[in-house]
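Here subunit A shows up in two complexes: once beside subunit B, once beside subunit C.
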Partner chain A sequence: MISSEPVITVKNMVKKFGDFVANDNLNFEVYKGEIFGFIGANGAGKTTAIRILCGLSTPTSGEMKVAGFDIYRQTEKIKRNIGYMSQKFSLYEDLTINENIRFYGGIYGMKIADRKARTAEMLERLDLSAYGNRKIGDLPLGWKQKLAFSIAILHNPKIVFLDEPTGGVDPITRRQFWNLIYEAVEKGITVFVTTHYMDEAEYCDRVSIMADGRIVALDTPEKLKKRYDAANMDEVFLKIAR
Partner chain B sequence: MNRFLAFLRKEFLHIFRDPRTLVILFGIPIAQLLLFGYVLTNEVRNVKIAVVDQSKDYLSIRLTERLLSSGFFQLAAIPSSQSEYEGLFRSSKVKEIVVFEPDFAKNLIKEGKAGIQVIADASEPNAAQLVVNYTTAIANDFTRNEFVKDQKQPGINIKVRMLFNENMRDAYNFIPGLIAVILMLISAMMTAITITREKETGTMEILLASPLKPIQIILGKVVPYMILSIVNALVVLLLGYFVFHVPIIGSLALLLGEILLFIFLALSLGILISTFVNNQVTALAMSGFVLMLPSILLSGFIFPVKNMPVPLQIISNLIPPRWFIEINRTVMLKGGGLAEIWPNTLILLGMSALFIFISIRKFKIRLQ
Partner chain C sequence: MRTLFYVLQKEFTQVFRNKSMLPIIFVMPLVQMLILVFAATNELRQVDLAIVDYDHSYSSREMIAGITGNPFFKVQQNPDNSQDAEALLMQNKIDLALIIPRHFDKNLIINKSAEVQVLVDAINGNAAQLSLGYLSSVIGSYSQKVLVNPIKPEYRQTKNIIIKPSYWFNPQLNYKYYMAPGILVVLITVVGMLLGGMNLVREKELGTIEQINVTPLKKWQFIAGKLLPFLVIGLFDLAFGLLVARIAFNIPVRGSLILLFSLASVYLVLVLSWGLFISTISDTQQQATFVSFFSLIVFIMMSGLFTPVESMPDWAQKLDFINPLFYFVKIMRSVLLKGSNFADIFNEFAALSAFAVSMFGLAIFRYRKTS
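Up next, the complex of A and B:
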């Protein structure tokens, strides 16, 4: 259920690297329980924005709140309430599935019983129950991505940030991956996802299309398609980019 | 605290799961100890020599016996003619040939002097120099004790004492130096590599986005290597003491304190390197060329700093082990205390503070 209660508010977000403006005055809100997509070509400023919201980078100016906390003064509290999955694959290849889970559970301060219960549930869901002692390095990429996502939401965060989570994965695994995202949303987790696959834009509740550091359009996929008289998001994107 | 323990646990898993890391942590220190202890020795021991005695009188025979019973030399050949000399050297059967002139005893008694020719294999100049020096010393000693004292000839009788290392043992030199090199290797190099690995694989991002504070991440990466460094330093000290008989004359507590300080310095250097490089190969190369080689060559570990050309002496001042090795020698061998080593201690403290300061600055810039 999407509510009208914002979990992320961004007002006038600006990020400059020297003379280069990566984020030029962004304004948007993300509502509790929705899948919010950030779409744009490489270099449009998607990753910069997501890194600022996760506390990995400080903005040049602007007011931002994530999960109700101020991005400048309450970074610690924000980090406790979010999950993050980066472009790069981010589990430890030399550790087993169980060891990775134990580690991430540990650094997020999960209680042991809680972690064990959720681990069992998660491995069951991914059909990996028998493989807990396999090293991550031995798994196929599709499995790794699904695992990385499941581990990113293991501590039940309010918001999960996914930075191009499906890069280099085949279409079937991508579809499975999005099923996992829907399941997370059903549990009440808000999803903030960046992608440059336009078919994935269709899966989002609302998308914001970025170009040259600016948000050029922000609405539901249906309304965007109607407004630009396009059959799919790919056409929308091409029309806007032109 | 539990978050931090989870982190430590993961670090130890990385270490004990990676054979290469284990080799660097435990194999290299042991290999270096054995290498310096038993292979790269400058001591003269059982050097193969040949003796050509053209006199065969009681004095030449006694001097020969003296040479051979010294423990430094071993008779390997008795060539019958000069034409054999070159072959003996070329086939490395001997390193030195001692030739007594005819009428050795007669000349010595009648004229007060007699000749011995010493031919050495100088294809290894340092070794040849040592062997010749030892031979000369034994011969001089022999004439003084056995012969000159009856003649009441004037002469300066030089009595040498090699203070702090009376038996000129190599171990006295390499144990204090080896501690520095090993700590550089484990603390600085391994820290640099392990942090860069986290950056290279992208897991650093995930860690920074987690509730762990940056200082916890750095400590979590560093503490395991600090523990292993301490273990390694203790092992080298113990082996030095029990196997190579290197004493610790000064305060053990002071020595351990200085070792901890140096570990701290090396770790901060490792962190500093990791803020400059983004992949493990560069980290390894940087540590290898920027840390290891100068640590071995310019620190006074093998070559005395005072013998270096002035530009290198100036550079050597920038190399942390140079100051630490001096501390080790002073405390272990000379029994010195803080009164003697406070300048070195201050330099190490200053260097650590500088490294940490630059690391923090670099880290902040990265976050912006």
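Up next, the complex of A and C:
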């Protein structure tokens, strides 16, 4: 289902914080319907890049388009078409599940009937139908992460950006989380995900491996494994990092 | 508009779910009204003094009797010499010392004029002036008596001009009438400046603001969402504080309450925007609190709440042109005590409105969805 139509185009993306170069001339395209992984150690520049693409941070230089819109001039249009889940859990812990959904559905301008239908469907999918009136702060981390993802795609964005979405959750929940990602892709949502779990790299259609702010390799997991003569992505990563 | 509704719904839910909110809303006005109004007084209740009488004459005893007969003065000691009186002054046992020199009586009768010395502890200049003023008037009335009932009839002189004051708007010179409206202003200023700003910075600290910043939510909608709940709380606290002041001190409400609350709304938009502006340039609650407190103290001290603006130097009076408290303290006192109407305080209203609109705009402008 992956088309050759790019939904994200990045040309010569540079981001400097003083003397420190966080993103050193990145070039890549993300195609409609794919799961695009950003792999790299902590501090490689993954979060910086994702924040620029979401409009949370301004790049130092470069040309970038997200969902067909220019990142400098059409930021607000981009925001209508993307979903974002940050590294740090950022739903309102003092509000209930339903209240969080109502708020985010509301500010994305969803119709009430539409929102209600999607909420019911989503809570059922997550086995949380009975917990709609629970405060999010009372839920276990794994549930919170799955909820955060589901709310990030509630308004049916073209692209969803996930910044280390599975940090700190157990392997079973991570597996369930990836099932949710696959379901989103089936609905036509393009997924841009950063991670430092190498097994998750295998789940991506294409991965870009980052080190010291640069992209050192970009291809499908199969081709990367073949090129570096490795059994899995972990080996690929270690060989490149060395 | 629909979006704003959802933002407000979320903010109101969060604010009123916060358990520390209820005490803030109810305890703060009670403490401020019942404690500060009493504490913030310039009234002198008692002046402790020592009298050194070197003369021991009929006239000196007459004059001393006039002083001791006044409930305001409490003669702590009657030392034998002025050195002892000075020592008492040093030990903070007395506020002033009256020294009646030898030949006081003789000078009064023969030279028709006599001098006494008064030593005043002037660390608190205001209190020093007041107590000296009281003492002078007591001594003055004694000298009147000497003039009117002279020891020899030929000393009788022309009649004096007597001032008969009539104090308007606060006939009993009740200090609480003057302070309570001012303290109410401080109350809603603290609510406005701190609560809204803290709420915004908290979202920064928790990281929830990031999730907002990736949505198409407009900046003004976000700022309005942070402002309106606290505007409601501020108005409620004003009503509650006014009620407390009415019950506890029976302060008069001579002007229109609708006028007062409309102006309070404009004022609250201004101080809330100020607090929100500070929070848009701060990363942590500590930073925001520090800056807010700093501006609060400057505004309060210069507002004319505790010290008359008229006695400030010219440049300070000009600075008050941009002090929101200066305007609102004036409005509160005028509307409550004088019964001023809209036309009377139009200038203050115009200034507040202009500042409120610009500050709200500045807060929106300075809030950045992109860093």
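As a convention for this text, the second predicted complex is superposed on the first by the 242 of 242 C-alpha atoms of A that agree within 3 Å, B and C clash if a C-alpha of one lies under 4 Å from a C-alpha of the other, contacts with A are read in each partner's own complex, and residues count from 1 in each chain.
Following the convention adopted for this analysis, a contact is a pair of C-beta atoms (placed from the backbone, for glycine too) under 8 Å apart; a residue touches a chain by one contact, two chains touch by 3 or more.
Since the model is a prediction, treat every value here as computed from it, not as a measurement.
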{"item": "Fit-or-clash call for subunit B and subunit C when the two complexes are aligned on subunit A", "value": "clash"}
{"item": "Touched partner set for A:Ala201, first subunit B, second subunit C, both or neither", "value": "neither"}
{"item": "Partner chain(s) touched by A:Tyr84 [first = subunit B, second = subunit C, both, neither]", "value": "both"}
{"item": "Selected from 58-66, 94-102 or 166-174: the stretch of subunit B that, after superposition, runs into subunit C", "value": "166-174"}
{"item": "Footprint overlap on subunit A, where subunit B in one structure and subunit C in the other make contact", "value": "54-58, 76, 79-80, 82, 84, 86, 88-95, 99, 102-109"}
{"item": "Residue ranges of subunit B touching subunit A (in the complex, touch as defined)", "value": "2-3, 5-7, 9-10, 13-14, 17-18, 201-203, 205-213, 367-368"}
{"item": "Touching residues (chain side subunit C, partner subunit A) in the complex", "value": "2-3, 5-7, 9-10, 13-14, 17-18, 206-208, 210-217, 221, 369-371"}
{"item": "Residue ranges of subunit A in contact with subunit B within the complex", "value": "54-58, 76, 79-80, 82, 84-95, 99, 102-109, 161"}
{"item": "Residues of subunit A that touch subunit C when the two form their complex", "value": "54-58, 75-76, 79-80, 82-84, 86, 88-95, 99, 102-109"}
